[in-house]
Amino acid sequence: MNIAVAPSPPTTAAPPAPLAVRYAGIRARSIALASPLSAEDALVQSMPDASPAKWHLAHTTWFFERFVLATQPGHVPFNADWHYLFNSYYQSIGPAHARPQRGLLSRPSLDQVLQYRALVDQQVIGLLQANALDAQASHQLLLGLHHEQQHQELLLTDIKHALWSNPLQPAYRDDLVRTSATAIPLRWRGSPEQIVEIGAPAWPGHGAFAYDNESPRHRVLVPAHALANRPVSNAEYRQFIQAGGYRDVTLWMSEGWALCQAEGWQHPLYWDDALEREFTLGGWQALDPHAPVCHLSYFEADAYARWQGARLPTEFEWEAAASGQPLHGHFADADRLHPAGASAAGQATDTALLQLFGDVWEWTSSAYGAYPGFRPFAGNLGEYNGKFMNGQWILRGGSCATPEGHVRASYRNFFAPSARWQFAGLRLARDAA
Amino acid sequence: MNIAVAPSPPTTAAPPAPLAVRYAGIRARSIALASPLSAEDALVQSMPDASPAKWHLAHTTWFFERFVLATQPGHVPFNADWHYLFNSYYQSIGPAHARPQRGLLSRPSLDQVLQYRALVDQQVIGLLQANALDAQASHQLLLGLHHEQQHQELLLTDIKHALWSNPLQPAYRDDLVRTSATAIPLRWRGSPEQIVEIGAPAWPGHGAFAYDNESPRHRVLVPAHALANRPVSNAEYRQFIQAGGYRDVTLWMSEGWALCQAEGWQHPLYWDDALEREFTLGGWQALDPHAPVCHLSYFEADAYARWQGARLPTEFEWEAAASGQPLHGHFADADRLHPAGASAAGQATDTALLQLFGDVWEWTSSAYGAYPGFRPFAGNLGEYNGKFMNGQWILRGGSCATPEGHVRASYRNFFAPSARWQFAGLRLARDAA
Amino acid sequence: MNIAVAPSPPTTAAPPAPLAVRYAGIRARSIALASPLSAEDALVQSMPDASPAKWHLAHTTWFFERFVLATQPGHVPFNADWHYLFNSYYQSIGPAHARPQRGLLSRPSLDQVLQYRALVDQQVIGLLQANALDAQASHQLLLGLHHEQQHQELLLTDIKHALWSNPLQPAYRDDLVRTSATAIPLRWRGSPEQIVEIGAPAWPGHGAFAYDNESPRHRVLVPAHALANRPVSNAEYRQFIQAGGYRDVTLWMSEGWALCQAEGWQHPLYWDDALEREFTLGGWQALDPHAPVCHLSYFEADAYARWQGARLPTEFEWEAAASGQPLHGHFADADRLHPAGASAAGQATDTALLQLFGDVWEWTSSAYGAYPGFRPFAGNLGEYNGKFMNGQWILRGGSCATPEGHVRASYRNFFAPSARWQFAGLRLARDAA
Amino acid sequence: MNIAVAPSPPTTAAPPAPLAVRYAGIRARSIALASPLSAEDALVQSMPDASPAKWHLAHTTWFFERFVLATQPGHVPFNADWHYLFNSYYQSIGPAHARPQRGLLSRPSLDQVLQYRALVDQQVIGLLQANALDAQASHQLLLGLHHEQQHQELLLTDIKHALWSNPLQPAYRDDLVRTSATAIPLRWRGSPEQIVEIGAPAWPGHGAFAYDNESPRHRVLVPAHALANRPVSNAEYRQFIQAGGYRDVTLWMSEGWALCQAEGWQHPLYWDDALEREFTLGGWQALDPHAPVCHLSYFEADAYARWQGARLPTEFEWEAAASGQPLHGHFADADRLHPAGASAAGQATDTALLQLFGDVWEWTSSAYGAYPGFRPFAGNLGEYNGKFMNGQWILRGGSCATPEGHVRASYRNFFAPSARWQFAGLRLARDAA
């Protein structure tokens, strides 16, 4: 897919509406992320949990067609058959193509999907410029942009898994930025018991955009505890491996141990058996001992913490610490697409909490569930988050593959505890002495 | 297994130590529960989650041998090979026979297992009478009694499933007590936001017996909410079915819906398709519309609550309501072994919370996890509870199959959300207006 | 199951009809085979391919009830519900309890099944003595006797697997006969190309009893070839193992190799890893190097033959050799229940074919299929054999667990190529030079 | 994949060696078959039994590289990593990429595979023109051409399944030839018992090319029987369906019935539920009642024959009839790629056997096995056929997707009885009256 020109924002004399600019920019970013991929690469689905890059490009476009354009009078579907293909899991609006079979969709072609994107973009931008969207459609458009950013991260994690699954194990890109820094020593920062306001006001209606699962804002009693000042590093995690962490049943959840045995886990996904190299979006590279460890399942993160005599933080402890912190960090826009060690330069104290945002998602000890008073988004989009509040764990903070500006302190990511293909690591916590 | 005489407490002149009496009574109760079963019945394992009655009898005995008798100098194992057979999941003390294969153990025979019980009982009672147990052994003995009571309930739920799995579907007993009562109208009782002390002090060392997962006692901010005054009844649940609840995807968790489709659920386990009869430990009987509905999975309980515009309570809301309430209720000792409607007679108000204890376990919306500051039991028994804190939901309050005196307000039962063979129902909750 | 008295033949003054005597004897034999088993042992089903001993006892009785007694006017079913339980696979007469769940049938009890046997026996013998059976019922009774003998062998192979699956690995009996003999040297006996009459005339109507799959008798051109004078011995097979036979992909069928890898086969079922002992119905015993190897899958037998530069015989080569030979051999009635080496004493020549009958079933290279002109048994019993003519291989000659008098030269046994729990070995063949 | 120019035969002044011309022609045919496919289409693997078109193109090329070019001194592998990717199942020469994961190979790209083909073709043709191949290499080259033709047919059946698996169900080509003819009445042609020479002399060494599984030529006694003069038609098969054939357990093999139930079969693969249309390589089309039915499993073919009171022919009956017949028929070169009814024009008698070759492969009642005296090809190519002689059934005669010139009377195709995605139908046979 050699794409020279991404869909551009309109170039009329009148200044474009800001939302149109933002829309165009986010949409173009998806195209840019897919541009190193051939049409063949963009079709591969290496496991049921992952989707082909082409499907991500089409599904996010379908989202705008279905939830923005189709709310307009006289809308003619781009292709009625595609509704079935590119619906993901919104069962209240009709059946969807089975997820594990997305890799069979050689048709429509990548070229057709790109045309679909261009057409939908043209129409959406036209509506934005004409101020033609009512409140509901505008809200759904905004949700669609956040949705698209989520899929940008998934596109990266899914293509990483796909390329790794190919015995040739090619790099996604050869020109990624590389940085390194010496990890600062691990320090603890304590907090006393306190009541904390957690979450975000319900959107739309009460403040800035947030997903329904972040609402309502509510009070939580957070006990006294301490958090580590940075995520666990590769060097630290390697010690756990070398100390026999993957062979000590007493460190593991029962289900995690069974999985570890069944699948022969001996180290994080993407590491080599010598514990010296790891597969990255830039190909195989030497393991950086200072970088945050990632591609851990919840079970591995939890076992490591237990081995350290510590534990994972709750999502409330994490959010209490992150609230009010600037949203700085290494995100996807840094074009590194791999975590790196943090420089402590400029930090006022050595217990300042580093790398809360970006680099790696941090597994918490909180199971994904509803906040008190939770209400799903209205209408069909009620299926967006609520129906997955079962058997998953919360991760916080975003990663090196998360688009800048996408996360916030109240953002709740969630995955099954067995999931290893995300950029997920951990930060230690412990109870107050 | 026609057993006329259960192991009796000693009849020496000296008055027995109270713990010896309690020990003998609980041990005898297991025998009594198994007495309606033939040796063949006691061998059946109808699914991997269930265990044969004989295995329950042997495993609970092994627990006392391993954690009480084997702590004594000079202990000679009853049969060294049985350690492997009757260890359940304590991997830190050695490998165990695979759980799904417990039904293959025709040897040792039921008679041999009963002899094993008698011998272990004789030795344990001897030690108790001689005051020969140190603190650790005494604690492990006490834990073993609570452990035995848990298996008494499982013995009943497992044999119910086994007999139902036989096309002949025989009753476990024909002489069970039957009672009925008209369910009182459903009322809501509200509570304001408050900080509540939840859990129990860590045992041993700080108070009465409690499992490690109930500790430490800690403060939780419970939001304003309301609880229903009684569990949901069969009649109410039947309305949900008749209104299409099992066919409406929007009411279900995603995983629950998939399971409902794959297994063709149309009603609670043990109901007939006509919604008129249910299989009980006393055989097929007419459905009592006033009795609490039971044999629901978490997914069904959750879907029902959503259909009602309500939700499940959190375990903290439940415990806040139950703390300080008398532990009255229909337990296994009532020899009914099936839930029944509650009489409101003598209740001061119509918002009094009825049937918190006994009748049916109540699914909560709380995922099973560690309390802040949680420490597993010391030593090998650390595997008792902690390693299952993943992918399960909390149930509260005990059931008609729970031994009287076993539960308490802080007691945390837990099962996978798909589990239907327990006596599990629900009580509605809702957010404060 | 301590059974002092097996159903006896009638003791009236009039001499019993010979068929009644034979019926009573065969039926009593099943009881005798089950007599070392407790009711618990008789319930165990250790894999879907095997059935509990109790089920064998009941199913064979149901066969007589359904196909003999139920043909009589006024027959009242012993228990209408049992028809479903003890039908095996005769779908044309109604649904049957799922095979993998036979081990759940604690009810009816073993005692009840024995009562069922006694009652059916009483009625059948009464009819026989009264000469009350018409031709069809008589034929079905005769078929029932052969059917019962097949299940006698399966009862032994299934209980062997069940006892071995128990970690205690108890013996079925401690009083089995043991014999040994030095295996005579392996010699080849050649045969020229010839047209051979294969099979048996269709029964009933044309000769002695034979299964439908042995008919019609027909002409086959058997090419020039040679057969080994005896089955392959344990010592010979051990050489194959020690030479790396289980690690050499070139010796194996593709499907067999995959199975060998997936299940970690390194030797015949029931051997220990040291290749020194084997589990028998008499418990663990030293491997007799002179005895025929057994408990091989087809894949192992075939790989061994290939390693030897030889092949398995076709079923026609085998039958051509066996026709006209006396039906001598070590069968179940010798009460050894394990193969042993053959003594060559009294053999006229050293190329005489030894142990064609008894000791071990011999895998052939013939896939199980229909003879030209094959007609299944009439009526519902047409499901007896024909519908399994797919994906299975022919074995010939009977084993140490086959009742004496059950097999014949034209007898065609058949099993899936993966089956290892039968007493199955091999005899080598080769093409003529 | 818009390929204007297929690799051309050399155009030097000297006349090319005939084998080089044949080589170039067969190789170009593969390219032509793939030319309607995009690179995305060529990557799809819709089930583990099927392979992507790109993989077929690469694997057949690897076959020439490995078994022809690599036999030459100084050969440098095109790409050493590809040996692993494009080996199919020749385990004696090294491990191979797992078959179910062939659809993940976005790299190498289709373009690279086409370059690989061109380079290998250039080198092979160079060697042929230079007469540089010794006997072994020449034989392996010839085998490679037959191998390529087999994959040409698989490419078509696999892409048909892939396109059908896409909910859009696009046609492979819109310009296929369509023909129709009225099926002539079904007639029987009898044959007396006779000894027939079956098979082909072992190649190389004894005659024209044949696969090892067709050898040695040997004598078989074929009983008296009759064969139908043409394959079963769609109209006839539809009657079977409408008469309840898919619901009558007595017509089916036991394993076939289980599969039919589990997968919900109600008609041949690719038919619509109304029994009016079928999916073809030219897309959905009206069912031609006169055309031979195809896309049947063995189980369906066998059940149909039983319903007709007939049976499938043995492979010997079929070969006896086909030997000496001209190899006329509708093959892939007719560019119809779907079976059609045969015209009886010019047939001398109405019992002449029509459509023995081409249109549809005909399931036989012969399990795939070794002929007496069978020897696999020498060396690594011994894995070509022999190791699959288990659990499969023989099909004879070639289909509308078989390259012209590929089949012969002795040709033995084989598939698992569950396979439905091949162009497989049936011809009835019956025993002589």
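Each chain gets a letter, A, B, C and D, in the order it is written, and its residues are counted from 1.
Heads up, the rule we're going with is that contacts are C-beta pairs under 8 Å (C-beta built on N, C-alpha and C of every residue); 3 or more make two chains touch, one makes a residue touch a chain.
The model shown is predicted, which means the values in this text are computed figures rather than measured ones.
Steps from chain B to chain D, minimised over paths through touching chains, total 2. Distances between chain centres, each the mean of the C-alpha atoms, put B farthest from chain D.
Chain A and chain D have centres, each the mean of its CA atoms, that are 47 Å apart. One inter-chain figure worth recording: chain C and chain D are separated by 39 Å, centre to centre, where each centre is the mean of the chain's CA atoms.
For chain A, residues touching at least two other chains: there are none.
Shown here, the protein chains touch around one cycle, each chain meeting exactly two partners. Interfaces, counted as pairs of touching chains, are A-B, A-D, B-C, C-D. Only residues 89, 91-92, 193, 195, 218-221, 223, 225, 249-250, 252-257, 298-299, 311, 314, 365-367, 369-370, 372-373, 382-383, 387-391, 417, 431 of chain C touch chain D when the two sit together in their complex. Considering their complex, residues 38-41, 43-44, 46, 81, 84-85, 97, 101, 103-110, 162-163, 165-168, 170 of chain A touch chain D.
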